[in-house]
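See structure below.
Chains here go by letter, A, B, C and D, matching the order in which they are written, and residues are numbered from 1 within each.
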């Protein structure tokens, strides 16, 4: 990050830059409970490897982490069973989401990567081998990393479990193909509850910091996974972390990142910082419009693209 | 049917003709309970519009009707709600089965025809509007048509409900798309139980006879649906009744027919007769190998192709 | 055909019945030269096995046969190489046209049936083995069957050859897969010229008559193919002859038929008659709107459905 | 690149490391002329931003650049028409190659990215607007960047043009969809000739160096494109540069790269160096087995992953 402005100045400038983006997206409504959030929310947090931490806007307000949790669930699975993870899920971008069930069917129930829903369900299934409540495991792991007691939003979890028809279709397809070992409803419930974990931008930037610090967490002053794993997770994020916007995201931002339909995005500047941003209005690919713009501005101002 | 042999002679000749076909197919094993049937079973029954009835081999032994029931479920739905049926299911052949979930996804959960699983689930969903137990309705309607008290094989039904992952995937996809109105598990249970109805070739030939007699049943001496509906159901059978073998079946047999993975096939000679055949070994498309050969022989000997 | 009206009365009634259908379709415009035809044209011809022949409207005016020629090209191929045809093309309906290139790609360049473009190109390729000008062979065979010297519309042929991009894509896919043996441009040119054959409804009804008469042509008083082949061609027509409207067509008309984007349709009443109809406005599946309605009316009035 | 070994020591170690990989892949044989190359060839070249240059093995022997040229063709198009390029081609990874024609068909002839064949054909089509011989333009631009007079291998070009059936299918599909403006054969010829450009690893490392140096070429001491374009091209390479191995490549190597079926791969270490490697044996995705292993070793030893 080579730039003349201080981080607070950078954040303040971003806040102004993104203002015209409000109103261009739509709050997720396929999960009824998520649709109730205020669309104008905007928060951002930067936590550097060297210990600086800056938070603006609604950056201390908890939001629904959703797919952002997939990153941490994968981290736990890799810590537990290592490369065996890759016998059950791939590492390649999936192409378009609209046919993700078709792709899964053509590929005999083997998910492309751990960040599409099919892959995340497979990861939950892996975690179920060692625990009956992987949602709590993920919640506690993320809470441990950010040193905050996180909660699962029960209303959101219930709402998701009720309406998770497409995910049930995916899970049943995998069950039929033998690529899911536990009961469909057990996997779906754990998955939906995991997605309903809430945390703030500050929490998220802290929790993701080991990815920027070679597996070491300056927050808890502990190595949580090997440097090699950090590098590999970043590679997965860069090629698969933002669904079918992954190419545009790399083109405009140039950082490994994971987005969620709650409007959160976490991005990694390897060696330097973790950035979390939250704003609920989504583009048609399910990524926060204002969050995307904020990260693009951050990358441009600080010149921190990995490319 | 222009032929010099009497029907008993025809059937006796067919019995010899098909003998070399045994061992070429495989008994359905995806439903564990179905896999226990004796693969060498073979029965056939012909019931003519004019009242003749001939049965050979195991033609009086009950077998699992499976997809053959879809024809009768559709008949009930058409009797109840008429052309409204076609607002919820199409009338076109689906092409290959291997991508049937993909096709359904691309077509927003609208099933191609009432004989693929997706379409049959939609029909069950329609019937659920008027009754809580459509499986019993179908069982009783088929029993009424053949004048025999039919039963549902509870072991087969349970086995199907337990292993119906692919059907659950389909039903959840439709539920998510809004093309299924009732609970997925309610539809699946009714569908699996309907498939588990058992009946003999004699029963089946009798039950299907109205399709050969313009909607009139010589068995119960009653008109059960309009002539126009008989013609239309026969058209659907000819273009969609044998999954992705429909072209080959028309080419080799030339009769409207419906097959099931229990090994049964029912075929219609419009104006003349209904023929039922049963033999459990299936080709890779899910159609009885010996049954297919028997119907081909019947069509050739009696010259009864509609074409 | 059981009906109280004479054939002239039937045709006259149809002419009135279909009048409201004009304006509901659109003349084919993807071949520029075809777009110039008068959309209000309507002709119909019935030729019975017993020698009756009735023609109404524009039934003596030549129109562009287009895909209707595929039926006769297939007939020649079957006469020449018999069942070897089926080693190079299938007999199953294709499902939707919108993905027909995708289907061909997934099935390694093996066409579903001889009536989709891929299959018709394969048939042209077969004919090229014995002649350098299969278009002339098809033209002369059709001319022979209707006892009229038919011509190829050179302007239409040129127009098609110039704009046959999608067909070239198909042919090149097949060439790459090894399922086309001759040069792509040779096959495309022959195919486009074959499609540009023109004939009248009267010609067409006469040419197709052997399909209604077990392979015998009452017109030329000669058997042109075995009865078995007539039956099989009718089966192919019924399951694959009207692209992705094949189910609806069987449902509403119940006769084997082949349609073309020139607005012509030929239908067969086995044992009785061949019917040709022409009207240029097409539905979105490429079938003549008025022609479809006319055949539906004919089938209803004369009760001639095979089902 | 933080490492204790000198670059010559690194390269010497890699040469030993990759030896066991020989024999695991297969030389491309779909272009007959490419199949004649010696499978045991291996060359590598590193050129640093600061002016160091090291070459080992067959690193000075010219090989067929193939898809590696797509990177430079895109560079020219971006220099000429800027972001207008993105109105004709996307920026997202394509998913699997086996269905790339299907994907193109579903997306109405709009290519996913400039590095799949469809996208590269679109780029050639863009270049054809300003020149009749874009193959020469690309050859001369690459030659200019590496300060060497490059040649087009006429035998390879001819061989490719003769056998480019799949590419012709793609181009015709695009022509039909209106996403290709020039004649199919003109585009195909220019594309095949562009692919047949030959150059050595040394040439390639020099030519790609501006991507590592913010658009500045230390070789010719000139800025050839803006820093922003270098960053964006690297982003495209990282998400789309290695076909359907892009995820695995990022996971194992972590550098932007472009591979070709001639066995060449060029990789970029932003801010530091360009690396070219060549070895003809390919994995089933079309990427050099030994080249992939060599870059993985380089990335591990020098710790130069961008992630």
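Basically, contacts are C-beta pairs under 8 Å (C-beta built on N, C-alpha and C of every residue); 3 or more make two chains touch, one makes a residue touch a chain.
All values reported here derive from a predicted model rather than from experimental measurement.
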| If you average the Cα atoms per chain, which one ends up farthest from chain D? | B
| Same vs different contact residues, chain C with chain D, by half of numbers used | same
| request: Find the geometric centre of each of chain B and chain C from their Cα atoms only, then give the gap between the two centres in Å, rounded to an integer. | output: 32
| message | Can you compute the centre-to-centre distance for chain B and chain D, using the mean CA position of each chain? Integer Å is fine. | response | 56
| Where the centres are mean C-alpha positions, what is the separation of chain C from chain D, in Å? | 48
| said: Please output the residue numbers of chain B that touch at least 2 other chains, ranges allowed. | reply: none
| task | Kindly provide every pair of chains that touch. | result | A-B, A-D, B-C, C-D
| chain A partner contacts - residues on chain D that touch it in the complex | 90-96, 103, 112-113, 231-232, 234-236, 238-240, 244-248, 250-251, 254, 256, 270, 305-307
| task | Over in the complex, which chain C residues touch chain D? Could you list them? | result | 99, 101-102, 105-106, 165-166, 168-170, 172-173, 175-176, 184
